[in-house]
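Handing you a structure now.
Going by the order they are written in, the chains are A, B, C and D; count residues from 1 in each one.
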Amino acid sequence: MINVGVVGYGYWGPNLVRNFAEANGVRMAAVCDARAERRALAEKRYPAIQTYQTWQEIVTDPSLDLIAVSTPVSTHYEIGLAALRAGKHLLVEKPMAMNVEECEGLMDEAAKRNLVLMVDHTFVYTPAVRKMRELVLGGSLGEIYYYDSVRVNLGLFQHDINVIWDLAVHDLAIMDFVLPERPIAVSATGVSHVRGGHENIGYLTMFFNTSRIAHIHVNWLAPVKVRSTLLGGSKKMVVYNDLEPSEKIKVYDRGITVNPNPDNLYQMLVGYRSGDMWAPNLETSEALGVEIRHLVECVENRKQPITGGDAGLEVVRILEYGTRSMRQRGEPVALAAQQREVA
Amino acid sequence: MINVGVVGYGYWGPNLVRNFAEANGVRMAAVCDARAERRALAEKRYPAIQTYQTWQEIVTDPSLDLIAVSTPVSTHYEIGLAALRAGKHLLVEKPMAMNVEECEGLMDEAAKRNLVLMVDHTFVYTPAVRKMRELVLGGSLGEIYYYDSVRVNLGLFQHDINVIWDLAVHDLAIMDFVLPERPIAVSATGVSHVRGGHENIGYLTMFFNTSRIAHIHVNWLAPVKVRSTLLGGSKKMVVYNDLEPSEKIKVYDRGITVNPNPDNLYQMLVGYRSGDMWAPNLETSEALGVEIRHLVECVENRKQPITGGDAGLEVVRILEYGTRSMRQRGEPVALAAQQREVA
Amino acid sequence: MINVGVVGYGYWGPNLVRNFAEANGVRMAAVCDARAERRALAEKRYPAIQTYQTWQEIVTDPSLDLIAVSTPVSTHYEIGLAALRAGKHLLVEKPMAMNVEECEGLMDEAAKRNLVLMVDHTFVYTPAVRKMRELVLGGSLGEIYYYDSVRVNLGLFQHDINVIWDLAVHDLAIMDFVLPERPIAVSATGVSHVRGGHENIGYLTMFFNTSRIAHIHVNWLAPVKVRSTLLGGSKKMVVYNDLEPSEKIKVYDRGITVNPNPDNLYQMLVGYRSGDMWAPNLETSEALGVEIRHLVECVENRKQPITGGDAGLEVVRILEYGTRSMRQRGEPVALAAQQREVA
Amino acid sequence: MINVGVVGYGYWGPNLVRNFAEANGVRMAAVCDARAERRALAEKRYPAIQTYQTWQEIVTDPSLDLIAVSTPVSTHYEIGLAALRAGKHLLVEKPMAMNVEECEGLMDEAAKRNLVLMVDHTFVYTPAVRKMRELVLGGSLGEIYYYDSVRVNLGLFQHDINVIWDLAVHDLAIMDFVLPERPIAVSATGVSHVRGGHENIGYLTMFFNTSRIAHIHVNWLAPVKVRSTLLGGSKKMVVYNDLEPSEKIKVYDRGITVNPNPDNLYQMLVGYRSGDMWAPNLETSEALGVEIRHLVECVENRKQPITGGDAGLEVVRILEYGTRSMRQRGEPVALAAQQREVA
């Protein structure tokens, strides 16, 4: 039985608590929030749990085995490190931390103490994203030409991070799970429309060692909500619309055929191929439930999670370097040192 | 009565010929195409017209007053210049020419000879785009924060230009008509997936003197067709979906309100405002017909067209500088010298 | 403080319990379900509540003031009557009972004892339906020409009722709230595709004293989910799509104009008017919460609920007579005696 | 070479003329319209054709082999009969005529003279409808449970027929082509909202010898255009949306499984099966072109067309009997005498 404490009972924390409460092999034991009314709400819903006002108390509660951190990003490193130092396994919200250095600090601490460190890249555990990975790995899409995503809506402006840290983080986590290689450079643009605020519109392009390209458009100030991804391959192409209630994934048997020897200028160099469309049936499991079952199994067997520190670091690296590019109007930035030795 | 000759009877030429044939004040007199089967098709449809095999013949036909050039972009300058030198008014397909210098050459020649020079920025004459301009100028959107457009589909790969010259040209023409100022710098990214081919995916960001930003995503290799634009203002926001049969323009009374003095970190700096949506009824006139009526009026009164050489040049400038940025992975390029003296 | 007991903790019961638990002026006191695992689930979620295995126990629990009945329709009358006879106020699931006679029995009992009797016509309390009523009553739609609704999906086949009792009941409840008069006759068709089962496809037409018409299409065996209603008026028309996440209600300024004196056969008798579309912003309140606040207010002040026995009876009358018509392949059936004296 | 004359150059006639003009084996020879401006338009577009003011002239022009009748329905019988009597093959617009008797008159005349009689059931020649027929005949849908169609829009109110004659005719033609048997009875409802006008809203249910059911909803007074059909089978189900630009046909691997021996009332009698969705790639051929090629082949080989008099008669029978039911508020009417001996 893994005893779990959750730090932060704001927007996402209640989902963590609810899923931990229903999971097997887990006792949802404690919740921490600085705000009395949030603690009261947790207590009303879960009369048996312990509540704490400060994170220092919960991370050192000796009855707990695992701490889940669902607080503003700027606090992830400090709270996460304290939890690990207190010998707790750690589930940390995405993005993992504020920069590469903090991520590496958490990874080193977890490695040294042989503790499980998982980043809550929830989308990786959805049936739709798992299906995309299966299609890519199985080869039915052919060579992957591009990943293009739009993730826009009205709100919520964050205090401590810009819009790519808030929204593009989802796509970066998905890309890291679905694509066969990691990008080597990033060019990003974006602006803020609130004086003194962080960028609320952002565009990220990522380059690879091949002709593959990836692009993410995020916006906190859009009149409509869009969650739409194109994944283009040399054989087939996928449209992933997360707002569709049932057919989230559509696979199009469409593409081009290159004619290497056209006779003249007017003849087609490139032909078009248009075939059937197919929407695979997807399970309806809740991603967070799947994720927590995986976490429990990792803790019980001291396994590396699918979305461990390495994935969390990769995502933060692109966010950090992308923000740097964004401040220089798209100046490209190399994504150096993708592989590292764990200390 | 304006006697019109059309050069190029391929994809777009037949639309020009059909609209000239139905326009008042115009005699659709001659068509030129190097391919015998295209000339035969034009003759079958319009038994009364004259056909030519070479552009040299049509541009010097003394019976013609106006030449419309609907050929590959790389030939616009040579054919257009010859037509102007032969004293003909000129309608030239978009993009106007292959670079800024060529555009300026055409503009200078037209100015010197007091001839009308119009660029076929067709979208500018659609009811939807005219409504957007009206909304922007009327002030009901407030300050314009961003223009974001997606224009993707499968095909047609062009021989002499890349995808931003083929597709982003539409958005640049729209922006030049709708937005109150012109961009000052561009950062673009893109790749080619066909060996030796031009870029078939492109992303352009444009910067302005304010915090406004514009972005265009174009793609010849998308499984589905998308023609969707977001226009965000401080008061209201527009979604323009050109594939909608009736409600192409939707105006959302949504946005943010900035709270300058939040009491604490958890309090909202930025509030959200969500009101009604409104889709104005649009005329159903064909854009090309409207455009040709405007052209006739300009020729008759020696007026500058709405989409004259200046608009054509501005669009080409961004395409030329954007392609330069694209070859350097997003390196930003300043859009120098936006105003010029006509020679 | 109103002490509430809920009978039936299956599909809908948990929603009732959750909303009663969060409502002011209410103590969610007891739940009854014949199945041990459902009682266990209720106890886990609400450790403080009392659970009962038989409805006879809960309806006679002297600590309770109000009984909510969320059981199969065939049991509504017996349980509801027992609750009323025990002096409890009554909230009963839709459809209110199996036939007109049963409905009248419950109404008479409630009237005799001065108890509140409410039918859970949930849709009546949604922002979208309330907006439709407001538009109709305010006169902006003009004369109401028709109500047309499609409510289809895959499943759930019911045991004791056919598809119109299961799905058309929603539309009948909405119509009773939104339309200014009640229908005077019904013609219905439908079939069963399961041997020995109830009709799983049904079509209901309702006639009125005017040229108004209403039609409802319901289907348990459709490949896709549709929840779409057209409400046509002489001045404006509404499309209500309950599956839209935000713009559920769209008001179209469209219609016809009749030309009383056309000159000849080819001239139009009827002209078309096409204006703007407008989607009013709707609140996002949960209907059941609104409904329960209304119920509490009715109990506290001994008021008639909006969706009282009269509305419940009207809906059941159409379902009963419609099923009779359905068994005779559309033979029309008069909806006699719409007004009755309460005994 | 078949010499063709077209009677009626109004809404649909120009499509017939254009397709005849482009077809092989055909000379588009003559057009008749009572209105001078329609004749002038035809002459401008096709300088080589002969025009006539009265149908009496064109049907007796000895140079013509085939007459296509595209006039109001009430005139089909008189003009068609005259054309047949003059020894011309006949293509007649849908619906074929005003009643069963007229249809039989035309069929008898054509049979007696060994002339081809074709009804312009255009939808039968679309790739989407041909795919549906292929799916039904191939057995992949299983037993066909229902056909359900919605065909609504704003306008055009017809002078001589009601809305089912104008719009449901398309679905009846499709059903006759796609379904394995013909209906045996009809129940219909509908009303008119224009004083003295024909019904502008209509609902038709058709019954079969099995538990199959068909339903068609048509409306001239809808705020939006809908062209959507559900075709439910025991194995798979089809959604056919004619307004979709590319995926018009979607095949859903969904349905129910019947549990013959449920243990108790709460156990499911009926289970649900949800599998993949598949949208077959469809050709993009224009239906009318396909239809005219078929007509030419039938004339050249004296073959019965797919959409011959028999199909035309069946459709008119349902329209005639359906209108009778509609005037009696859904009273069911048997579709007697479906097979007849040709005189």
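One rule holds in what follows: a contact is a pair of C-beta atoms (placed from the backbone, for glycine too) under 8 Å apart; a residue touches a chain by one contact, two chains touch by 3 or more.
Fair warning: this is a prediction, and the values are worked out from it, not measured in the lab.
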Self-check item: Contact-graph separation of subunit B and subunit D, given in steps at minimum
Solution: 1
Quiz item: So which chain is farthest from subunit B, going by the mean of the CA atoms in each chain?
Solution: C
Quiz item: So which has more C-beta pairs touching, A-D or A-C?
Solution: A-D
Self-check item: Cα-centroid distance, subunit A relative to subunit B, in whole angstrom
Solution: 38
Exercise. Determine the centre-to-centre distance between subunit A and subunit C, using the mean Cα coordinates as centres, and give it in whole Å.
Key: 42
Practice problem: Express in whole angstrom the distance between the two chain centres, defined as the mean CA positions of subunit A and subunit D. | Solution: 53
Exercise. Any chance you could list the residues of subunit D touching two or more other chains?
Key: 224, 274
Quiz prompt | For the subunit C and subunit A complex, residues of the former touching the latter | solution = 47, 224-225, 243, 245-246
Quiz item: What part of subunit A is in contact with subunit B in the complex they form?
Solution: 10, 35, 72, 145-146, 148, 150, 152, 154-157, 159, 185, 187, 189-195, 197, 201, 203, 205, 207, 211-213, 215, 217, 219, 221-224, 230, 232, 234, 237-239, 250, 252, 254-256, 258, 265-266, 268-270, 272, 274, 325, 328-332
Quiz item: Which residues of subunit D touch subunit A in their complex?
Solution: 247, 253, 274-281
